[in-house]
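Below are two complexes that have chain A in common, paired first with chain B and then with chain C.
Let's turn to the complex of A and B:
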């Protein structure tokens, strides 16, 4: 019973958050300077043409009416029609989501494969002063260098020295896996740097925390080898914060890596939203942001579930309101 | 059959001789441009596809309908599928298109004789009814291009292969206006029966058929097997990807992931200097940047003609061409530089004045401490040109605050209200293929878009009307001079410098044909002649 009510509460909370996001984004795009008419119709349009466009999309109705109509459509699975392409937004999002998802997965996998071992290593060697300082410097740089700086740097360097990779020139994986990976390597690397740093730091902190536990001291006293202690006693108990941070990172990436997709001309959700903002394509911006928020909230719910599986004590505590 | 040109080796020689290659070099304006920037090597075999990257997709409210296309990007893409009765040659003279010949029995009549071997890409023969129907659809609609067709009164079918156009009064740019994509011949039978919606479908007589389009992502064009010109198109197709970032287009050329790219960064030739197998050329265009001064805003100093004249006098167009466009553009008057009969911008009245005169005008107008905001958008090379404007005006004591806005905010400032909100703004016009065409936008009552910031000037309107109606000859040359002087004196929209179109391609991927100067911003005008190099 408690389990069911916990889930009902989570879903209700998620729905409330989404509703709030929908109101915010709906209002935000309409308060941006520059209307759809100037962008979509251009300067030569007559007042009659502007009025006709407004009437076709109901853009002169009161905002409350427009919002009600939009949210009702979203409830039916209709995210509206792009003012520019005249195509359903949902269909375009479906085409673009795989690009964004692939980018997010590549970055997340790289973050785990590099970040977790790095975090464990720096935790175990934390008493090595030089190594610790180098680790802190690297993680500081990884977190603080903006994506557009690192991305621009890679674009510049790899434009000159391709080394088998391509800058832009996206090709779907199904069409040519090799070309796809060559095009995705650089943008995934840009995203992976910050993600790897976050995962490594979280892993390091978690592992150092676990290393002070008495059961680890006992294992050392029993003469168990270090790799065995790390694998059997440390990693499992340090996994919870790592899973949480990884989930949050992946969720934010799935919502569209706006800057990286735009910088590398990847036809994903992020670049779709950026272009739509520039053109005041209301339906696209609203749908894109709502999708990003939905993914983010969903991933957080999944994180709660996974944490409960990894550490049943935390799962039970959460459901009982303890965490 | 379309004219064939010299071998591709000549293309490289032309690029080098024009100073337009990757090395940059001295300023190369349209007057120095060769007729062809590159000519396809007809010795290469037919077949193969071209990977092309462009910076922005067609985005007209009227969708894929060529009659509603109002930007150079749309014209470029749609010209692969649609054709017009006449086209323009490298010297801007009208050349046969879907009409094999024409005559002008009177100043207000044009009779076109249609080719008898033209089919739409569905295999149906093009008829005189398609021509008449297309033009009537254009005249009945609200397309921008209708204004450029001037006083076209009626279009009538004479017989199965002949069509007669009647104008209300003489209009010299008529053939040039007829040569642009919005005046294309549509499949009117299919449009009438509803099997083709031009806003969503593309069915034309051009060298390619549109196989696939994803807005802002990509286009796929395949060869039109029914194309009328023998041996054309040489390519099997063109795959176009929309890559807004100039850096990725440059990288694509370098790493070979694209065969050709339209580049908007005037530094691109320098950046690509020495890149293996990459050729970069600057196609001069008749497009030009202009400065808008809002005379209608409440309390605007620009309502005083003396202030506008002072600003105009201070404009150093050569510096703009050299510094703002990297030496790739040219100073221009309202008659675009590069077009036959265009005015010499150095001979404009304001260009002959000195800065002391400008300072005196400001003093007389009580505007010694003039400062204003200049609204620009981020597309290259507008920011660099705006900086030159700022530096020019600093010399006469005017302070300019440059505001770089996104496209939506910029459009809102300039077109969003009447009177418009902005002080001054920078933009560019397509310059078209006749020196009097673009000048018509200086009449706000007929242009419409500038009514919010431009006050009608009867003397200027008269000069515009005379320039478009005067037939070729000495009379027209004088009329164009008067038009240039009138625009210069009015100074509400001040022509500055032409906008270069930079085209990069890989020699191991494509051998293209490119005019040296382009009137409609269409680097793909000769795409039917392109050859794949691998």
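Let's turn to the complex of A and C:
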């Protein structure tokens, strides 16, 4: 069963990465300047208070034991309690996750719907001098306008002139779908611009690579019309890099969500993390960062699986020890 | 000196006579970037536009003949503040990218050439860092070492090292399989010499392209982090700080946002267009039409 063993290897490697990520986060918070006790109690705590805290959280135990205890509780779904609100972090995350997920899905769908056709078009027309330069400038502009600039600009335009979309004022989808979408349209657009550019650029590179294959030359020689060639010979063969770039987009969406939720005042995971850093609430930072990295690693495993399905050759090569 | 080396230097690497130069658009982008850097460096040195900290007039004045970019919420002229901001942003990002380039090149060529356990270790390390979305990693760094310039610098390095190491390692691994490397090994060259004279020389083009992209990622990370209030701290200014402050007074004084925003986008666009041109020049791809 080569297939099964390859998959076990892939999942094990993802688990290894996750282990590394969790160790890094744990170490970062534990070895923070000032130490854990000072963060929780502030600089003016008495030695007695420090000792009590150390006893309660087991801060005197060996680090491996502390790490094991943390991971075990995370495994049970217990992300600790917020140092400020004293509420469980997990409950807050569960409440906030749908907001971030909706934002990411809206942006990703828009990115694929716009980015893939754009990438195919610019690849097929890459010989057209003026058009190619314009395409390069547009794609350059897409990666060059950061979320915080575009977002600030949209907030300005839409809060100054009433244009039908709301800035801030989040409403859950279940409560009022129309109001929810009006509030989500702008932040999702901001996230989608960068993601669309990434999809378009990758699609363009992938299609240009496929276009130099001999079977495309043969199709051109047979007199097949351009869009027939694209549909029948190019798209599926160019699909692998596009699937892979979707994982990269996930990363940029998760990171971008921090900025966009902060800017548009959405009650998602991103704004939770940003607020927590400002208030030095490390339990929340630790949990939020771990969640983001975990989602990203999972997306990578899923992408590998999809690639194996889309392109059986790659799957076979990987299973035979190549790639 | 070059006569005894076996590596076909002419294949990659920038510069040299008789070769196709990068296209006009990329050269224009490079000129724009150099001009920005020059204005930032010379402007700060010459005190162009006055002292950025000095309160010169009324608050939130629109751009006019006296204050080209208007004045901010404290009545400081925006021209010297934007110049200082560009300077800080470019200096922070480019010094971080230099650190990244050194680290990634070392890790990448050693891992790509040696393979085996060293390669595995580098790949695992890179995978772990790569698993953090860039702004999330930057926020974690700022949370741990405290907001400020150092946090911005360290974040840029940590975000760009995995991106660059991956590509440089792959390039080095493919160079390591070439015949001229085998020939060098057979002729008794020691590892450091092979790494420097054969591998490094032939991945230098890749390092240049990736370094350009890393610079734009660096500006993005610095800007994002400062925008969240976790990077460069006021009263120091960087483009991210200025855009964040501009956002606060956006409705009353949109020029506070537009000035630094346009400059940031211009810098990013120049870097990215130049990077694309450099890549097309150093790693040319075929193109064809379908008719």
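Operating definition for what follows: the second predicted complex is superposed on the first by the 276 of 323 C-alpha atoms of A that agree within 3 Å, B and C clash if a C-alpha of one lies under 4 Å from a C-alpha of the other, contacts with A are read in each partner's own complex, and residues count from 1 in each chain.
Keep in mind that, in the parts below, contacts are C-beta pairs under 8 Å (C-beta built on N, C-alpha and C of every residue); 3 or more make two chains touch, one makes a residue touch a chain.
For clarity, every value in this text was computed on a predicted model and none was experimentally measured.
Peer 1: Looking at A:212, would you say it contacts chain B, chain C, both, or neither? Reply first, second, both or neither.
Peer 2: A:212: touches chain C, not chain B.
Peer 1: Does the superposition put A:145 against chain B (first), chain C (second), both, or neither?
Peer 2: After superposition on chain A, A:145 lies in contact with chain C alone.
Peer 1: Could you look at A:191 and tell me whether it touches chain B, chain C, both or neither (first, second, both, neither)?
Peer 2: neither
Peer 1: Is the number of chain A residues in contact higher for chain B or for chain C?
Peer 2: The larger set of chain A residues in touch belongs to C.
Peer 1: Applying the touch criterion given at the start, work out whether A:41 contacts chain B, chain C, both or neither, answering first, second, both or neither.
Peer 2: First partner only.
Peer 1: Answer with first, second, both or neither: which of chain B and chain C does A:106 touch in the superposed model?
Peer 2: It touches nothing on chain B or chain C.
Peer 1: Return first, second, both or neither, reflecting whether A:155 touches chain B, chain C, both chains, or no partner chain.
Peer 2: both
Peer 1: If you stack the two complexes on chain A, which partner ends up touching A:292: first (chain B), second (chain C), both, or neither?
Peer 2: After superposing on A, A:292 lies in contact with chain C but is clear of chain B.
Peer 1: One more residue to check, A:278. First (chain B), second (chain C), both or neither?
Peer 2: Both partners, chain B and chain C.
Peer 1: Classify the contacts of A:82 with the two partner chains as first (chain B alone), second (chain C alone), both, or neither.
Peer 2: The answer is first: A:82 touches chain B but not chain C.
Peer 1: Would you tell me the residues on chain A in contact with chain B in one complex that are also in contact with chain C in the other?
Peer 2: 32-33, 152, 155-156, 159-160, 262-263, 277-278, 280
Peer 1: Write out the stretch or stretches of chain A touching chain B in their complex.
Peer 2: Residues 32-35, 38-46, 48-49, 53, 82, 84-87, 92, 95, 152, 155-156, 158-160, 162, 165-170, 179, 183, 262-265, 267, 272, 275, 277-280 of chain A touch chain B in their complex.
Peer 1: Touching residues of chain B toward chain A in the complex: what are they?
Peer 2: Going through chain B, the ones touching chain A are 53, 59-61, 63, 70-71, 142, 144, 199-200, 214-218, 241-245, 247-252, 254-255, 257-258, 406-416, 447-449.
Peer 1: Within their complex, state which residues of chain C touch chain A.
Peer 2: It comes out as residues 25, 124-125, 127-128, 131-137, 139-140, 142-146, 216, 220, 223-224, 227-230, 240, 243-244, 246-247, 250-251, 254, 257, 261, 264-265, 268-269, 271-273, 276, 285-291.
Peer 1: Using the touch rule from the top, collect the residues of chain A that touch chain C in their complex.
Peer 2: Residues 13, 16-18, 20-21, 24-25, 28-29, 32-33, 124, 126-127, 133, 136-137, 140-141, 143-149, 152-153, 155-156, 159-160, 205, 208-209, 211-212, 216, 220, 226, 229-230, 251-252, 254-256, 258-259, 262-263, 273-274, 276-278, 280, 282, 285, 288-289, 292-293, 296-297.
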